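In the two assemblies presented below, chain A is common to both, partnered first by chain B and then by chain C.
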Partner chain A sequence: MSIKGAGLRIAVAAGMHAGGDSHRSPIRVPYWLLSPSLIPLTVVVFIPMAFAFYISLTGLNQNTIGDWTHAPFVGLKHYVDGLDPRGPLAPSFYSSIKASVVFSVATTLFILPIGVGAALLLNGHLRGRTFLRAVMLLPYIIPTFVNGILWRLVFMTNTGIADQIQAALHLGPRDTFWLIGPRSLWALIVADVWASWPFIYLMALAALQTIPADVYDAARIDGATTFRTFRRITLPLITPTLGLGIALSTINHFNNFALPYVMFGPTPPDEVNVMPLNIYVNSFITFNLGLGAAMSVVALVIMLAPAVIYLRAARIGDAD
Partner chain B sequence: MALAIHTRLRQADPRGWWRYAVALLYLVFVLAPFGYMALVALQSDAAAGEGDLLLAQPHWDNFTRIWQAVDLGLYLRNSLIVATSTGAISSLLALGAAYVVARFRFPFRNLFRISLLATQTVPGILLLLPLFVIYIIIQHSIELRIVGTYWGLVLTYMTFALPFAIWLLSVYVKSLPVELEEQAMVDGANRFQVIRHVTLPLAVPGLVVTFVFSFLLAWNDILFASVLTSPETKTLGPGLQYYVSDSFSIPFWNLLMAASLVVAVPAMILFLIVQRYIVAGLAAGSIKG
Partner chain C sequence: MARLLETGVTRRRFLQVAGMGTAASVAVPGFLEACAQSASAPSTGSPKPATLSLYIAKDTARPQAQAQLMNMIKSKFEEENPGSSFTYDTYASAGEETTKLETSSAAQEGPDIFEFGSTLVPTAYATGSFEILTSDMWNHIGGKGIFFPPQLTMSGPSPDKLIAVPVSGNPWAMVHNKAMLQAAGISKVPTTWNDFIDAAKAMTNGTDQWGTAMAPADGFDPWHKIWLFVTQMGGQLMDSTGKKGLLDSNESVEACAFWLDWMAKYKIAARQDAAFKGADEVKAFATGKIAFSVMAGPGGMGTWDSSPVAGQYEYTLGPTVPYGMSSLPSGGKPAQGFVSGQYYTLFKYSKNQELALNLLKVVVSPEIQYQYFQLRKQQPVVLGTFNKYPELKQGNWAALYDAALKAYPTPFFSAWGPLEVELGKAINKMASQVGISGSYTMSDLKSALTQVNQELQATLG
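After this line comes the complex of A and B, so read on.
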């Protein structure tokens, strides 16, 4: 929902340590300053969320949308159709859930070492550090749809650079299909790893910068090796922030619609038919709005675990 | 302390080379795809279609041809209008809300702050559908067009940008000395004048960050734009996507890459400009802990 979520995450990382005294006057609260934000939030976010739950219980489609109050109430029908293993939509439901879980867990696992490695490197003394720190952010900033177009080209059969490199190194034939069939999952993972690792890098770098230099100096004087210093000092100190980063990254990848949509279009291979894509097709192409809403509620429930981790982590030191 | 510095200097040199080697690896990893983009963007139609990896002759005219091949001028204009309005409006509204959150206690204050965080975990696709239905309902009940207009898009993006902007600015406002505001109140200023003349000027660095993040949220979106725009208000995301997946023509990859570069560059420049503010904000946050 946010720009790949960068903003709030960074603010949260900062807020985690912000705590401190707050100054508040006991006088009249100027609600007129709050309502210009509160009203749109209610209309555009809070009410639609509640409405999504209601729609998921109805048979809303293109025929009933003009007169939505008369859309037939079908109860849990969509949930049963999708989640009951014998239900008519279970194969599509479960294959999408699997695709989404595999995709978000795999990308998070890959970007973790890449991001932490870059943060460790650029937290130390290095000539050209300012330049490198800026360049590392570039993949994260380009619009996701541009990223999708780019990797679609990279993985084109025959003419894409992926097939050409593969053929030149004798790793596989030049006419390998990456955008259809089982390899599409790898194409999607590679594209997303490249675009999203700077998020972990930003979080790790922010955490590393809070560690005072004398801690390292003390360790060095005591004769600790680089590896030992990392394992015993650095890692424990950045773990809370990294935990926040991992939870957010998982949620972010799980909710990513733009990248698979641009890379594979509205009729993707099963391996990459992630939940946001499936929901989009059900809602806006076949116009089965009730079913689409039920699927997005399921997606929200699956993401509850990382969301709770995120909310708890974000509220550390924020007890006022 | 002197000993520590000495130790660090002595150890830095022999270990230096592999750090630069790793830095080089990262640099190649990050820049190679951009190089590939630039290469294809400068190729002839035939070379790009066959997937040549060589550049016989740079075709700079691709960067002029794209304006005819895709209606890039229109998309760019629409995206600029929508993103700039989103950035400005959400930053200003958020400052007001952030001021209240930072300086006052009110019922459900904590619930409000938690809900700001919680909204960030909600998949956009969950909101798109009911939001679309709600907009349609409003359109049917009062004669007010929302879907397909600039302001409908701005309202949507602006609201999605608010939680982050409020959160960041409330941390920021809290770090400003309250004495200045109290002094202005004593001198007879009302609440609006205090915010306008005391808080706002001091909060400019924070406002720059929220402007850029809100701008980028609108600039980078494809999901909401694909449903809420009309042919006249189509923005860059759905505009380019339509060109890619248009089944009647095989895309000219060279033109598409040239267009992609044109689209990506404004976002990159904006972010690099405010990068120092973000790092500074992080540093300020951590010092106070």
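After this line comes the complex of A and C, so read on.
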């Protein structure tokens, strides 16, 4: 029996004894115990979500916001306009979905080896380890808008450091565009990788510190090489934590609004017109709140994918 | 009733529930009505002392001057209204401005006074959250007649439905570097776009000196320029009902092509400009890199007066005859800028509207209006100020005064915001193409404009 299963059974048994009421189902007791969390969650998460879904079915805009409860009901119009490939908003909608998926997946793929590598390095005995551990967190501590401004300066055409370095190393011309056109996606990925790799580093470091030293000692006595130790011991033991890190990281990158907004403004190139930015522009610049809400619902559905994949993967090996 | 009792509902319980329901049905509408009436309409009596709240645009170029001006306004207001005062919050971007407008409109709760830029006034009007100013209200602050007449064209959809009081102007004119024109032997500032292109070519060396600059990556510059060219050609960006986008009309395509050709065909602007925002163009002029800046407001003067071009630049009216023509076409307007500036509006649900009017009276007084010029380098909007302070019509401010008088209003459509964004998307995309490859095709341009017009149409319903 797993610990989780045992816990539930103890709770059920406790409920039966404590209640002593033949009319009350013992199975309800754990749910009552959950209510302190469920009630606030309902108020701050589920009700606004339901409300956002309702707004997505209305034509809420500048003309109706003053009396928003009477905004006209338009049914699934916004979804059809955006998701039907022949719909007028389909190119922008799909372009945003693609930009968000590519951006979040690519960033996560880049930060994974960087974060794990840094964690492995700083988990060993290293001179100045405490200082270096603190330094590693700096990019993560810098506010996102500051990070966005810094990277905008780095990628300025002609005058930015990126173009200067590129020209000095004869890798490309000094007037390469990074903030417009196809390269803008790379500029955004680089900026976000720099800012977010410490997240994976922290997760990996925390997982590494839970691995008992005697496991490594045993491996060493058995003559395992460093690579084999990593592959057979370290990686399997940190994988559950890394799985969570990857899921959370993908969701965080997908929802990143501040960085693309600061770097590219409200009319970004198609390549970086990620969903949060598109939703923001539709909702708060052009006042098309119904459409913005519909896009938010679609984004939520897309974001369920990494969460579901992680939850399913986490169940692997659960004997109960 | 018998059925209810059968289902286990007691008479006592039924009466409890029914009684609560009846009480609620009587009390709730009464409560809501009371709430609706709590926003007091202005009366003729002396207003109750209170502290007003303002939500105003941040002067990012001169934050200290803005704070100084607000302190002056506050002192005068407190002196004239003992026991009353005001506090203010600022917004630094259009996004903050519209977000506050949305949340306040939806909640029917917010600051007593909102400041809006001219092109957002139609959107604010559409929300129905701002007081339509009556004749008595206008008279309270000095009457409509005290204002620069063009500014009132953006105060509301018609003279009897004005919601916004002008507080400062932002006229558009063309600015040029006198030394660069002189060096190129150009003695007359161009008045047609043909002459403009010729003059700009003469001052371009293709490396560090250019005839002009563009800011296609800016949130506003694309629609400013395209509106200008389309208006001069006799076209419109949206039809007269405000329900149909015309971003893919022949005039719009021609206007966009002409602007993109500054980089692609005439090569009077650098390809690097494809990533420029408005501030980049101001900087390029300050460093003496460009000769002309088209549709420049007075805001750039702060930068230019402390740069190598200090004393070397001059504002004039910009060209008004479309490229390839010797005179305006039929229906074309000699526009060289649109009515632009900042406006104060009274929030409909404010409980202090009469006091807010007293504050507006202070803000539009000639003395305070002069401080808008003196401290913030903004153009006053009250005629009396120009009579009292002659420097407002001297030097570069003479051309800006002329520009303000000749400005054309943009259509008073609540969907102007979406139009700005959609047009910006198409221009941004095409300018990127020009910046990267040096050219664009007309079919790509038409396709981009058709696409954004479809998107605009979908949002218009």
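To be clear about the criterion, the second predicted complex is superposed on the first by the 262 of 320 C-alpha atoms of A that agree within 3 Å, B and C clash if a C-alpha of one lies under 4 Å from a C-alpha of the other, contacts with A are read in each partner's own complex, and residues count from 1 in each chain.
One rule holds in what follows: contacts are C-beta pairs under 8 Å (C-beta built on N, C-alpha and C of every residue); 3 or more make two chains touch, one makes a residue touch a chain.
What you see is a predicted model, and the numbers here were worked out from it, not measured in a lab.
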Give one of first, second, both or neither to describe whether A:Val215 is in contact with chain B, with chain C, with both, or with none.
neither
If we overlay the two complexes on their shared chain A, which of chain B and chain C does A:Phe257 touch? Say first, second, both or neither.
first
Tell me the contact category for A:Pro143 with respect to chain B and chain C: first, second, both or neither.
first
Is A:Leu34 contacted by the first partner chain B, the second partner chain C, both or neither?
first
Which partner does A:Asp270 contact after superposing on A: first (chain B), second (chain C), both, neither?
second
Pick one for A:Leu76: touches chain B only (first), chain C only (second), both, or neither.
neither
Going by the contact rule set out at the top, does A:Gly117 touch chain B (first), chain C (second), both, or neither?
first
Counting only touches as set out at the top, which of chain B and chain C does A:Gly181 meet: first, second, both, neither?
second
As a test of reading the superposition: which chain, chain B or chain C, is in touch with more residues of chain A?
B
What is the contact status of A:Ala305 with respect to chain B (first) and chain C (second): first, second, both, or neither?
neither
Intersection of the chain A residues that touch chain B with those that touch chain C:
65-66, 68, 156, 158, 265-266, 280, 283-284, 289
Residues of chain C touching chain A in their complex?
94-95, 98-99, 102, 105-106, 108, 123, 126-129, 217, 219, 271-272, 274-275, 277, 414, 417-418, 421, 424-425, 428-429, 431-433, 435-436, 451, 454-455, 457-459, 461
Spell out the residues on chain A that touch chain B in their complex, using ranges where they run on.
1-8, 10-20, 22-25, 29-31, 33-34, 36-38, 40-41, 43-49, 51-52, 55, 60, 65-66, 68, 117-118, 121, 124-128, 132-139, 141-146, 149-154, 156, 158-161, 164, 194, 206, 209-210, 214, 217, 220-221, 251, 254-255, 257-258, 261-262, 265-266, 275-276, 279-280, 283-284, 289, 292-293, 296-297, 299-300, 303, 306-307, 310-311, 314-315, 317
Residue set of chain A touching chain C in the complex reads 59, 61-63, 65-68, 81, 87-89, 91-92, 156-158, 175, 177, 179-181, 265-270, 280-289, 291
Applying the document's contact rule, which stretches of chain B touch chain A when the two form their complex?
1, 3-4, 7-8, 11-12, 19-20, 22-23, 26-27, 29-31, 33-34, 36-37, 40, 49-51, 53, 93-94, 96-97, 99-106, 112, 114-115, 117-131, 133-134, 136-137, 140, 155-156, 158-168, 171, 174-175, 178, 191, 195, 209-210, 213, 216-217, 219-223, 227, 236-237, 240-241, 244-245, 253, 256-257, 260, 263-264, 267-268, 271-272, 275, 278-279, 281-286, 288-289
